[in-house]
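One structure is given here, and the rest of the page talks about it.
We call the chains A, B, C and D, going by the order they appear; numbering starts again at 1 in every chain.
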Amino acid sequence: MSLRVAILGAAGYGGSGLLRRLSRHPEVASLRVASRSFEGRPVQDAWPHLAGLASGVGALTFESPDAALQGVDVAFLATPHGATAPWVHAALEAGARVIDLSADSRLDAVTYARWYGEHPHPEDLELARYGLVEFHREELAGAQVVAAPGCNATAVSLALTPFVAAGWVSRERAPVCTVLAAASGAGRTPAQGLHFAELAENAKPYKVAGTHRHLAEIEMTLGRASVEGLTHRTQGEIDAWPVSFTPHLIPGIRGILTSCTFTPSREGSEEDLLEVLHAAYQREALVHVQETLPEMKAVAGTDRALLSVRRDDRTGLVTVFSTIDNLGKGAAGQAVQGFNVAFGFPETTGLELEGQWP
Amino acid sequence: MSLRVAILGAAGYGGSGLLRRLSRHPEVASLRVASRSFEGRPVQDAWPHLAGLASGVGALTFESPDAALQGVDVAFLATPHGATAPWVHAALEAGARVIDLSADSRLDAVTYARWYGEHPHPEDLELARYGLVEFHREELAGAQVVAAPGCNATAVSLALTPFVAAGWVSRERAPVCTVLAAASGAGRTPAQGLHFAELAENAKPYKVAGTHRHLAEIEMTLGRASVEGLTHRTQGEIDAWPVSFTPHLIPGIRGILTSCTFTPSREGSEEDLLEVLHAAYQREALVHVQETLPEMKAVAGTDRALLSVRRDDRTGLVTVFSTIDNLGKGAAGQAVQGFNVAFGFPETTGLELEGQWP
Amino acid sequence: MSLRVAILGAAGYGGSGLLRRLSRHPEVASLRVASRSFEGRPVQDAWPHLAGLASGVGALTFESPDAALQGVDVAFLATPHGATAPWVHAALEAGARVIDLSADSRLDAVTYARWYGEHPHPEDLELARYGLVEFHREELAGAQVVAAPGCNATAVSLALTPFVAAGWVSRERAPVCTVLAAASGAGRTPAQGLHFAELAENAKPYKVAGTHRHLAEIEMTLGRASVEGLTHRTQGEIDAWPVSFTPHLIPGIRGILTSCTFTPSREGSEEDLLEVLHAAYQREALVHVQETLPEMKAVAGTDRALLSVRRDDRTGLVTVFSTIDNLGKGAAGQAVQGFNVAFGFPETTGLELEGQWP
Amino acid sequence: MSLRVAILGAAGYGGSGLLRRLSRHPEVASLRVASRSFEGRPVQDAWPHLAGLASGVGALTFESPDAALQGVDVAFLATPHGATAPWVHAALEAGARVIDLSADSRLDAVTYARWYGEHPHPEDLELARYGLVEFHREELAGAQVVAAPGCNATAVSLALTPFVAAGWVSRERAPVCTVLAAASGAGRTPAQGLHFAELAENAKPYKVAGTHRHLAEIEMTLGRASVEGLTHRTQGEIDAWPVSFTPHLIPGIRGILTSCTFTPSREGSEEDLLEVLHAAYQREALVHVQETLPEMKAVAGTDRALLSVRRDDRTGLVTVFSTIDNLGKGAAGQAVQGFNVAFGFPETTGLELEGQWP
């Protein structure tokens, strides 16, 4: 199979990662890139690192989103939350299948409305499959619309799902999750809080106490895991699984590091806890469980996740740690992984497995 | 009163902050500085920012610790944990009162042995008063040895103590505390993990799951607060109050930001929670309670703490936030504050109240 | 004397530094602050580090610029280049003397037009005195309008002026000056290139090859030094002294570091070169000449400059190094220093002489 | 051809880049890695980003250098300057060809002695070919020892060589070169000046005024270019071409940015100058000449160089800009490029052409 592919939002950070992965993807026959602000300009005007590349990606020119959707088999949408649903619709109408990196295909219409406002095309949500691939492979096969999970949701869900699925967490005691998130998670558009002089030598909590919109996904994923276990299949009703979620913005370019602490509802040693993670992820190419505490730099530029777990013998509390690159496993990497599964390609085709250090 | 003062460990980061504050302190008549590695050299060899200063501090020369202790009234010890107890002893024998920034005067001998190893001068601990000034003013008045609390302990204790003292926290449900800590907290000695190329674009948990030594102080402070309330007086036995504590190293020079989440044992709104903090700190010059979430940069270079609190209406959980400069309220500032109280000076004499932005 | 003072542009980085220095200035009886975007809001809404300060500065409220100018004796203008000239005019009409941190009072009308566009009030330029205080003290005394020099111009002029004044530089061989400038020099307004994710792990030249507007000031100052020596007096015509100027943006919050390399037109050793600097600055409180190469952090948060010089015995070329805080000696500190001289106060009143490390 | 390859110094930053490139290199049949400090431990103990990789590189174990050299065809030496010459000798004796990333094979014995001390195996220098590949392809073919140039030397030589070769630079007027260098250039060993708290928010010149050892290479390369043009062949005597060189350490992980300013000895417009660069590099896969000023982040993680040039019409001076990743084109990438040429493989085999942004 050899596909014609378009990327919308190709001048944003999600788009950058997609360009890299899809331009090397052996099943992608042609690639079109769209950006309203860079329409008509060469790709290197948005991406200085692509200047002068002899390879195909360096020769691309941004089109309008409408133009880019014409005649493609697949559309990757790296456009903003709230503005993407119309492009999902347009892409489907143009006969393309969709990989949606925004939040607009992740939730049912009722939940979506609660966090983001009314969904303009609720009928399209019927076609969408949430794609945290490690848990949703079955659903994703053949999906018309793949909804790539949010970066924070991915990091937290990878950490907690195995324990919820295996019955180690009690619904009565919400796990306490802290996230350290680097600046690119907020997108490429300049903002006061992202100014180097404001963010360097700083760290700040934001959208705490149940106000961050990725909570909806996390609680949906954990809710399903509590009923269905690790492997999810579509089903009607899900009881959200409550989580306490405290994100912090830290001075970094890329990366998410989470620590999730919960009161175990079972007895078990640290070895038992590690075994829960190992059992969940032993066949996963992108998730590595290790004894060493994970550090953010180890996944920079990659599509992998590193996980570990500790038990505090004094309090009995368990803390699970995970780290991903918010632009890799948290965005473009996850989207391409979902694309691969939806189309039946080997799952890690085009992905980044090995980073660089330092 | 006009005092002769010595600083040991004056070429380390704790020493830097003491130099600044004590050289401007109106009750300090003379200042001697000691450093083994810089002995005999001018202060600017260790501190490039003091080069060429016409003021007194620029003209100082490092002495040996032994020499510096001769004929002083007060010794500030900014020397390493485990190596400071002998200097406490020497200073006391030389007739000086002591402000100890290390951990060596903070705990009773039994607790100290559990976390740091056997204490070489347990008899000196009788003279020591733990000095998180906001809670220990009465004890500190006239103290022979003031033990300045650890930076993490300060940030967490300021956040939780009012709620423990007011009965909002249950001993059965340990608060889950996360700390984001900048690099200077690890001291000035080079180390692999502090190398710019290793720490920039990184973040990593360390000493998690009950293994960080500042826990001993936190649990002592909260234990006392649960019995005595906010204002502490010396007493024999303390039941430690269990806390889950997860520190992370982040790429910053100075600063600590904490978030502590607990299940409230009482009903109450966010306003009620803010009121608990306001009530505890309304007369405090160095602690500011605000509705806005605190950010680390706002206290950089200062001796202040900023606090806020949020209630997650979905889960009922409460999260308290605090931020301090680990070298300010977390070290030199706190030490000078304790010194002021011990000697009966106005509490903020010599302290930094106003930082710079950006 | 006790003055009523206003700061326009008080929500920008220049304003932040002025707030700090003027709120502590013993000759400032009252302080008003203006910002269009924060009009009517408390000062801490723009400046999180001032939240909860019991001192006067924490209690200020932003006014409109028009309101703030009423009834004041002095107006500090920290508003943008090109938009400040009308405020200079308005302040003069309101009876206030002016300290202008923008470029709008620095040049004669012809030179200004070449770099910034037509000046709207050329008549006001007659009242303005350029205030790189170390060279212009005589002119500044009693000035109606003090023009605080640009940050790059200050760093380069401090490095080169003594050598031009002493005849070490030939007009035929332009010194080659490189500047490393941190992000705050670009102001507080968000911009793509200042986004943390774009500037961290980056460095880039900008406005090179004679296109940076601070060149006009540098070449004016050096031209005058070549005729008048170090101490400047107003005079009609100045031949600009050519300089090659290559600025780079680096990932830092504050700071400027310059290296200026020239072919000496005289013979002389490195000691001779150091002596030129010593002779020029020996009585200066804010300029320190040292043998050690200066580093940027040593002046962070201060109003001082550090200088050194090296001679390459292989090529005979001389390189002078200087570093300042672009927001200190390069902006607010210099403005207050000029204010002090213009009003006859001791020159370092209210200034920052000692920084913090790290 | 299918080679057995060893990397010495594989736990340092040069080694990290070699591991990445050689483990993917199709002509490398087997890979051994050596490190004294990690001997006997798995590769992930030194490199957290390789933890859990199913691919070959993740399964490697560090050996002693002596062991790793046994039975290999090629040895890559990423060991320190001054300590590498004995390993070159040992590798040659063991029958391996050598790619030396250190300075120990770059200079003739006399020049080496002047900058680094006496060379222990001057006879081996006869076998060595300096490998800034763009200029030395002919010499490198079949070389027994390839000397990979220093990172600073690479950046400066790429910028200036075309202009020296084309007669635009006069020997009487040394070009003034400034380098901004990130922290990894100093190696992985912790040091005071590399501590995050010391280097963040800092920038400092070092080894200025003709004292940096990379000068020897730069002046050799330019000297040869002045006689032989762009394409070099071995020859006995070289007159060094004088250059002024001012390096600065800046707070970054990886990257070098240079600006080299010279007085042109010919007339010519900016277009003419760009044409000189285009002519020199039009067929080069790793060097891109562009009108836009290059920025450091655009080459991070890659083996490419970006160049541009500007003419200051006011002074007539020319400034050439170049940027490389000091660990890519400045180290591992250049070494593998030289290896490819020495062995007759396609020149970019195994190299990194496309980075990531941000």
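Note that in this section contacts are C-beta pairs under 8 Å (C-beta built on N, C-alpha and C of every residue); 3 or more make two chains touch, one makes a residue touch a chain.
Predicted model only: the values in this text are computed from it and were never measured.
Enquirer: From the centre of subunit C, which chain's CA centre is farthest?
Expert: Comparing chain centres, A lies farthest from subunit C.
Enquirer: Report which interface contains more C-beta contacts, comparing C-D against B-C.
Expert: Result: the pair with more contacts is C-D.
Enquirer: With chain centres taken as the means of their Cα atoms, state the distance from subunit B to subunit C in Å.
Expert: For subunit B versus subunit C, the centre distance works out to 37 Å.
Enquirer: Counting in whole Å, what is the centre-to-centre distance of subunit B and subunit D, each centre being its mean C-alpha position?
Expert: 46
Enquirer: Compute the distance, rounded to whole Å, between the mean C-alpha positions of subunit C and subunit D.
Expert: Taking the mean C-alpha position of each chain, the two centres sit 39 Å apart.
Enquirer: If a residue has to touch 2 or more other chains to count, which residues of subunit D qualify?
Expert: Residues 13, 182, 184, 188, 197-198, 200-201, 251-254, 295, 297, 300, 358.
Enquirer: Could you pull out which subunit D residues touch subunit C in their complex?
Expert: Residue positions touching the partner: 173-174, 176, 178, 180, 182, 197-198, 200-206, 208-210, 242-244, 246, 248, 250-255, 257, 259, 261, 263, 293-297, 300, 310-315, 317, 319, 321, 358.
Enquirer: In their shared complex, at which residues does subunit C touch subunit B?
Expert: 13, 16-17, 20, 47-55, 57, 184, 188, 200-201, 253-254, 285, 288-290, 292, 294-295, 297-302, 304, 306, 353-358
Enquirer: What residues on subunit D touch subunit B, complex-wise?
Expert: Counting only subunit D, the residues touching subunit B are 13, 182-184, 188, 190-192, 194-201, 251-254.
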